[in-house]
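These notes are about the structure you will find just below.
Going in written order, the chains are labelled A, B and C, and every chain counts its residues from 1.
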Amino acid sequence: MSSSPAKESHITSYPKFIGRSLWLATEGSFAFYAWMTMLTALFLVGANAWANQVAGGMIGTNMTDQVSWGLYIANFTFMVGLAAGGVMMVIPAYLYHDRKMHDVVIIGELLAIAAIVMCLLFVVADLGRPDRFWHMIPGIGKFNWPISMLTWDVIVLNGYLVLNLHICGYLLYMRFLGRKPNPTWYIPFVMLSIVWAISIHTVTAFLYCGLGGRPFWNTALLAPRFLASAFVSGPAFIIVAMVLIKKLSGVAGLDHPIATLTKIIRVTILINLLMVASELFTEFYTGGSHVSAAKYLFFGLHGKTALVPWTWTAIGLNLTAALLFLWPGLLSFRWRPLLVAACCMAFVGAWIEKGMGLIIPGFIPSTLHEIVEYVPSQLEWKVTVGIWAFGLLVFTIAIKTALPTLKHPAEH
Amino acid sequence: MLRVANLLFAGVVCLAVAMIFVVVNRSGQRDDSRITHDALAEHDVVAKVAPIDSQADGTGQEFQPGSDAPRVSTTSATQHPIIIRKPSGPPRIELAGTDPQGRIGSVACSTCHHVRKPNLENKSPATLDEFHQGMTFNHGSIACYACHNPADSDALRLADGTKVAYENVMTLCSQCHGKQAESFAHGAHGGMNGHWDLTRGPQMKNNCIDCHDPHAPSYPKMIVGFKPKDRFNGPLSDDHHHEGAESHDDH
Amino acid sequence: MTTTEPTTNPSLPVLENFSRRAAVKAGFATLGAGAFAAAISPLRQAAKNTSAAEFMQTHYTELSPEQKADVLARLETETKEKYNAEVTIADDRPIPGTKFVYAINLSVCNGNGKCVEACHKENNHDRDTNQSYIRVIEMPKGTMDMEQGSTTYSGAVPKDDKFYLPVQCQQCDEPPCVDVCPVKATWKEEDGIVVVDYNWCIGCRYCEAACPYHARRFNWKKPEVPAKELNPDQSYLSNRIRPVGVVEKCTYCLHRTRRGKLPACLEACPTGARVFGNILDPNSNIRWILEHKRVYILKEELGTKPAFFYYFD
């Protein structure tokens, strides 16, 4: 952006852009204010619960030395998937030059921003000593890169956040200036973000599958499985979001992207089910002591069955959603509510499958084969709801900011 | 489309290179990952512990009578001893009543035994007419006088008839339990206290009879007294001050 | 909210009642910020427990001797303030030419749990939870499958059809827990001990997930130890009272073993099942065992190379 032809310099126009965005983001109907107030209230509940957790120690959670990660890391894993799922809009828009998708692709990128913010919050919530967060900052702290997969995750997540902030920020800013975005300033970043989206979920899977002591995670299929389920949950969320945006703010041109994403889910949900099935086949047909976590998950072990209802719910939701998506009629406009329902099922199914169905059973039975069950405590639920509310808050604000762009797509 | 494909290809190549770098770095790091603190070392100590030759030897002569003091291995001036606990002497029998002054008396074994003819065949307290009848004997099918000395009731005897003092009972045990004696000599049998590094302090080891009753040597059962309390796991032990059954140190 | 509306963009709707709306928005923003401050006010309590010096403390390996002395003095003072006990916190360094190795004779171990208790007392573990670095698994004879074992056994031991497998940190030569730590708060020292800098750990518990031996413990709450029960003989990397929210682990009692003494769990063992020593000394007990007994290690297939051996004889 050297030799800018703008009437005023970026130093003055950029703050104006920020202010304008904030103003736009806080304009809305009574329902909008009610929605935002509710999210803020939930977020405050979560913030308070987290502050109590820090003050009193993590004894307030139901995690133990046996099940040392719980609801927070489960949600973290899922949110990484949601962030990566946004790429399913970017690929058709930029790689296949789907014009109509291109007009609304920013929804996916904004979702990625909100989801990554939630990821970072979930990691912070899981830390025993959030006050020592600076130990992780390269330079002043000690960053165990490249050996620790967690440091890779920190890099790729923050990198993905910065990439998407840049892409969205640049496009919206150009829009604000009334100028045509310069492709050299964002197309390379978009392409990078496609690879990067794959990398965030791959690295997150590597966090778990590199641990030899946890046979339930120690499978090469974990990263592909993560990606497949991410490409279900991400598009599912975006479809629901787009249906709502269309209804609430009358953005036109969303039907085609919705159809495209529905077709994408139709494939990815089957791939995900196939991977789950082959994982289960390997586990159960082989047998042996490595199958005990899967046994615990699906049938209970030694009379302990806390996760059984969760996992069968997930299987039921995923299968139903898959059948619905396979039905061609789902694409028609009159079945829109059913599409939303199918998306919700796929979304919740993926959430359970990755969280309570993958992170938790990795710890049960423990490495000494003790069976210590885990059910999230009230405090954990509060913090989790608070972070979800904050994520939705960010997403709502971001969408509000982008609404003018969505309503009147520029010709680029 | 072609340009995009190139970009993707470049991305994949970069990822692959990064992964190879990690793998190489990781295997390299393993060799030098031990953080060195030589500069910080506060306790600079003579590095090498001199070999304890009595441990390297066989066990046969280790428990030979000959010195009143606990057996001490002294190969180096800086070496501290390995001290094996010993009984103070022959057992004494406490008398049932008190003498006219009200004192509880005790007598040596020989008080009775040197006027009685030893029954070399006897193997069980059950076949005795008097004395020792409540005693539990569960140590193979050896005769009393396999270990007790018929000539001197205040001493023991080896299989070849050699007299052994009660203090050196371990020599007697070692005749049959050579494997245990060998392990004992190398710290692989029997409890100990004190120092692993004999240049810094002594080591105290248990005697055979500290843990094994010579007449019924199998180790007794114990009660589990202390369990970590897991918040969500099975039966919890309610009181951590509760002690389990003590091992019988009181010989 | 003093931004003037840009008129350059025709696609944006014209806003009305600008200043009034701005005032209302600013009011709600202030309200929200105030509510947020109130919501996170419990953090003030947490901040009180952490001194500025603790917050700013650098990594153990980067402390200069003077800084280290300051840190140790500060920790002693803090223990005095918080636990009302006089303790000495030393900085025990590895003895050159030593590598510590442990062995347990499973033929002899009878599962009585004295080692578990001794560890609890020696290492100033939280009294409420009976925390300890050692867990003993009661295993049916004829299997090595821990799946069939139990850690919650009680009553008279040994049971006739069982053997007992005590598990603690194996001080692996290829420790997965060290690899995964994002901040290098845990590392392997020259004598083989894997240690944790309790003042550097951020409490992410990735090491707990990575350890195949359940060797690591997290301080879910502030450890409570009565002053008279506190072991005053402490070391920075070992049994000093741990802060809340960090991970800890067995150090083979380095505050004892680096001073030439035997570990507490070994001294407490009434059966003499435990053997400890320096594997670099060819005449050590541990070398004799490795050369003369058929030893095995736990979960050998994971390639962690434990410095902890089990044997039957």
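By definition in this document, contacts are C-beta pairs under 8 Å (C-beta built on N, C-alpha and C of every residue); 3 or more make two chains touch, one makes a residue touch a chain.
Here the structure is a predicted model, which means the values were calculated and not measured.
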Checklist outcome for this item: Of all chains shown, smallest offset between own Cα centre and global Cα centre goes to C
Checklist entry - Counting C-beta pairs in contact, which comes out ahead: B-C or A-B? => result B-C
Checklist entry - Could you state the distance in Å from the CA-based centre of subunit B to that of subunit C? => result 30
Checklist entry - So, what's the distance in Å between the C-alpha centres of subunit B and subunit A? => result 59
Checklist outcome for this item: Residue ranges of subunit C touching at least 2 other chains are 135, 151, 179
Item to check | Interface hub residues of subunit B, defined as touching at least two other chains | outcome: 26, 230-231, 233
Next on the checklist: Two-or-more-chain contact residues of subunit A, please, as numbers and ranges.
Outcome noted: 64-66, 147, 370
Checklist entry - Tell me, which parts of subunit C touch subunit A in their complex? => result 1-6, 8-12, 15, 21-22, 25, 32, 35-36, 39-43, 45-47, 50, 55, 59, 135, 137, 145-147, 149, 151, 167, 176, 179-185, 200-206, 208-214, 216-222, 243-247, 299, 302-304
Checklist entry - Contact residues on subunit A for subunit C in the complex? => result 7, 15-16, 19-20, 22-24, 26-27, 40, 44-45, 47-48, 50-52, 54-59, 61, 63-66, 68-69, 123, 126-133, 135-136, 141-144, 147-151, 154, 175-178, 207-208, 210-214, 289, 292, 362-363, 365-370, 404, 407-408
Checklist outcome for this item: Listed in rising order, the residues of subunit B that touch subunit A in the complex are 1, 4, 7-8, 11-12, 15, 18, 21-22, 25-26, 29, 230-233
Next on the checklist: Please output the residues of subunit C touching subunit B within their complex, sorted ascending.
Outcome noted: 61, 65, 68, 91-97, 103, 105, 108, 110-114, 116-117, 120, 127-132, 135, 151-158, 174, 178-179, 187-190, 257-262, 266-267, 269-272, 275-278, 281-286, 288-289, 292-293, 313
Checklist outcome for this item: subunit B residues touching subunit C in their complex are 26, 30, 33-38, 40-45, 47-49, 51-52, 55-56, 179, 183, 186-197, 199-201, 203, 206, 211, 219, 221-231, 233-235, 237, 240, 244, 247
